[in-house]
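Note that chain A is present in both complexes that follow, paired respectively with chain B and with chain C.
Entry: the complex of A and B
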């Protein structure tokens, strides 16, 4: 376990903004704990955490993980395979729920390019007719790609600039977005421009739906906002060829935005729809508290 | 000086899987990394540390280069080292490049005999290290280019026209005033837009006017672009022929020589150089301190993403930084005193302690430094283990390893404190001061720069002899004021110039005044500059011959022989020879007369000469075109010497009478339509007109005579 932990630390240190890597490491650790626990003879229900009763009665439960079990390895590998299958099916799971959420003749807004949202909308488009407005998400303009893909499915798509988000919001029925990471308090780390979208949606009381598979849920809290940020080369914002002025100004190009949980209405994930305030519970099913801090 | 490394990179395992899968797998991409720059630009800093190991944002420069190469897919790198090779080797062996998991194998080739890039490439050829196309790069290149596209284009070009294209140079598009453009390295390039072929390459250093040979625009290429917005990154994709060409031409020392040589000999050898311009990504070559500072600040401001400090691409445990707002990077175990402010664009290395009430902006601080209270750092670059006492102000300076700055010192911009120097309390170092522990007069001998060991002994003995100048370094100081070496002077001057902001505006004054438009009168005979020199030399030789002929009364046959042999020696065409000959002869009396440029005198001096040398002329003027050439030359001569215009008629008359020139030709020439304005004016000369009239009458008479 320590080996996995060290490797996990190394991997997350390499690129802290890719939280999925850390999430998967934690899942694997949890799987190992479960399998060990099962073999060790404890029943499956024994959640070492959460239940207050258990916390009071069971005192200090310490797993020492020392006892070798020959079948532990095989069990762990099997569990990991199950996890892999589940991972592959997440997008389809989410897409299956599309019909419940999207009704005919609705105007849906989204931002940037998310494969999950794309699958979601495509699935709904098979049965229902609706329109989509895509905010282009400067400076990388991934919204364009999204619009192209959606229009191939014969969905009526409009691309607009980020500045027009608030102006158009009054005509929008729902906002559906994807995200990079879901934090432990239900907040989002999503592409730059999502916070604008969320605020505009809140102002017009438009529901904001986030489609994200569970592997994006990360047990970290947004303590240091800086640690999630990724600033890339300012080339996108102000190209290098501008010349002399570059020596006198500071140019930043952040990739991600922080969206607080109050602005989000619903999370749709492969295990169903949840409110943001429930995220902490979901976390306990996926990760073990000792692993929150790799 | 940095050692040279030649890194070979194998490449192309990915990119070559193109059209023909049945070909054998493409050879791995190789690279040649020259870790020595063969100049003393960075003295005295590079006396202690080779240039390739100078830290840019606390990471050695050669690491950036290797990272760039590895990211391109290079699989084998040859690092050529000369100066301080042991240090470079040690550094690289400890780094991640030499681990067995590294995708890029680094091999070292060390020799003390290298004196230039040319030597390295000759060695490459001699040892047959390179098997196919390779990337040639120097050890001080920082870039995040993705040159796979350029690589593919290069390979395609070589495949299409068998081995004609020898090298592809990589340039970055950047406007002239940009702070990352090195003034020394600036170039003007003329290229063919369709094929990206380089037609003309010129360094612009210090020049305000540029001359482009006419042949550039006269050949059949449709779109010629002349570009000044390119930054030379010193990255080239070379074919194996490059190494061979260096071996063939022993005087090629630098890449510039090579490029110019190839361009000049293009028709002969048929080799071409192409180029690739990068617009999006970052690339720069560190050639002087100003570039060093510029690129350091670019790295901190994340222009070279993903090679940013917090990425820790060199995988060094000491180098993990956290990135915060306003580009503040803090290493591990950094302690910041109360009230200290890190304003923006600051990188602080591991283990550094900063006192209270400091104000730090735009700076790079190395590891394990100790900075006192109330210190102001603005644009400072501090290396490792530097001690700075209280109340110090440092502006735009470089302070090397383990130097110490005592209290109340003020460093004005562009100071350099070399390693282990101590600057005493209370002094102010003026702009551009360089202080080093190595006494300055040591460095005259060239050998010193390449042999580490002998230098050390000499310095120690000299240090005992000299004390430290208190005025320079303060009462507790240690170090010598580095008297500007030639190079360091340039460094300072250029830094001053470019900091004062005049952008390169070389094109403004290139409007050619009509006075200097000699080019319009001298047509295609003077196509390329080497030929121009030849003609001048030939002219001098002919002049010499004729002078001797006159003094020693040599017979005309011998003169003809001499001139013929000169003609072959300098490879002069008949037409040019004719012109030169006429010009020389016509100018001959001028030398004898010098002060007195009067037509009469001139003519009287010229006449006997013409008479003597008639056989000469007759020998060379046989066909009509020769006559015409001679006449053109005469015309030019008289246009240049306006005062002698009046005697043109007499000269022509003489030529006619001596039967050197025939009437038809003269009349032909006279009636030439497309002459310049001055030519027309010449023709209006009265005497000339009279002469022409006389000629016409004479011709009519003779033609009448013939008919009978």
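Entry: the complex of A and C
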């Protein structure tokens, strides 16, 4: 386990904004703990988490992972293969839930380009007729690519600029977005512009649905570390050709936005739909508290 | 063990170790009581323990003592279910009680470790009255070389805020004591609010020194995060829907309750803050959102 932990630390240090790397390492560590526990003959589930109950009834203080078991390695590898199969099927699982959430003649808004949302909308388009408005998500304008792909499936798509989000929101029935990461308190790290979209949706009481697979759920809380922030070359915002101005101003190009949990209505993931206040429970099923800090 | 001995042990615990929480002192006293109990049956033991807890609540009517006592009673019941032989059962209980106390003494450090990353460099923190857990958290933040300043409410009627300010000055943290009424005024300047709790209720809300609810409402109005730090033994099985639902025996000091005078003339010492106003709770069970608290309580009591 220490080996995996050190490798995990190296990988996350290389690119801190890619939280899925750390998440997967934590999943593997949890799998190892479970398999060990099963071989050790402990009862399932109950002893994994800290709880008041455990505080009162347990005898010793900590679990010792020293005893060697020859079949442990094979069990762990099998569990990891199961996890791989699950990962490959996540987009399909999410797309399968599309029909429950999208109804005929609805106007759906989305932002930027997300493969999960694309699959979700395509699946719904097979049986229902609806319109999609895509915010282009400057400065990378990935919304354009999303619109092209959606219109290939004969979905009526409109592209508009980020500035028009609030103006158009009154006509929208639902907002469906993807995200980069889901934090432990139910908040999102998503592309720049999502917070604006979420605030506009809240103002008009439009439901905000986030489609994201479970591997994006990260046990971090939004705190001082701020390691999820990523800035890229300000070339996109203000090109280097505008030489004279550049000396006098600061130009930033942040890639991600923080969206607080109160603005989100529903999370749709490969294991079903959940409210943001339920995220803590999903986290305790996926990861072990000792692994939150890799 | 007579009731007077029990009260004396309890008071002695509080005197010798002023840093210890009153719930922990109560549990220690109850453990001593358990050791000296001469009964032969579980039922008898439970009855005498219930009387003991009542006695202690009459000495110190805080929520923490009640929740600590309830937890201890629960702990006895759980242990007694596993072993049918009484004397063996008692031995196990005493052993587990010691382990429990040892774990509980580590809880403040665990909380401090979880909470101090949330204090950024240059932060301005608002806190309320005197809380040893908050003090420990701020100490941990200082140890990790963060610079921040603190505003403390004076917290009438016992001026607990002054005590907090003195302790903070010893740690070389710049402190300002403000009037309780000045919370709305100062809220725009602070970055986060950090309070302790005397009890954490099932809904995820907290019971804390009077004035906490006010601070929470102001913080919500100005979009400032409201963090609560509490050890897990403070979780209590109450579900108040409003301020009136909090039982009178917690609101007033034990002496006032004994004199039995008209309670409408008295000022309560605690109030209830609802979970919608709280951002996060830091406990030794981890960082919890208010909705996770009831889950934890269910895990214990079911």
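The rule is simple: the second predicted complex is superposed on the first by the 285 of 294 C-alpha atoms of A that agree within 3 Å, B and C clash if a C-alpha of one lies under 4 Å from a C-alpha of the other, contacts with A are read in each partner's own complex, and residues count from 1 in each chain.
One rule holds for everything that comes next: a contact is a pair of C-beta atoms (placed from the backbone, for glycine too) under 8 Å apart; a residue touches a chain by one contact, two chains touch by 3 or more.
What you see is a predicted model, and the numbers here were worked out from it, not measured in a lab.
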First, second, both or neither for A:281, with chain B first and chain C second: second
Could you tell me if A:235 is touching chain B, chain C, both of them or neither one (first, second, both, neither)? first
Under the stated touch criterion, which partner chain does A:289 make contact with: chain B (first), chain C (second), both, or neither? second
Check the residue A:185 against both partner chains and state whether it touches chain B (first), chain C (second), both, or neither. second
Which holds for A:221: it touches chain B only (first), chain C only (second), both, or neither? second
Of all residues in chain C, which touch chain A in the complex? 71, 74-75, 78-79, 96, 99-100, 103-104, 117-121, 232-233, 235, 279-280, 284-289, 291-292, 295-297, 299-300
Flag every residue of chain A that touches chain B in the complex, lowest number first. 13-14, 226-227, 229, 231-235, 239-244, 246-247, 250-253
So in the complex, which bits of chain B are touching chain A? 144, 172-179, 229, 279-282, 294, 297, 301-306, 311-312, 320, 322-327, 344-345, 501, 503
Flag every residue of chain A that touches chain C in the complex, lowest number first. 50-53, 55-59, 61, 184-186, 221, 223-225, 277-281, 289, 292
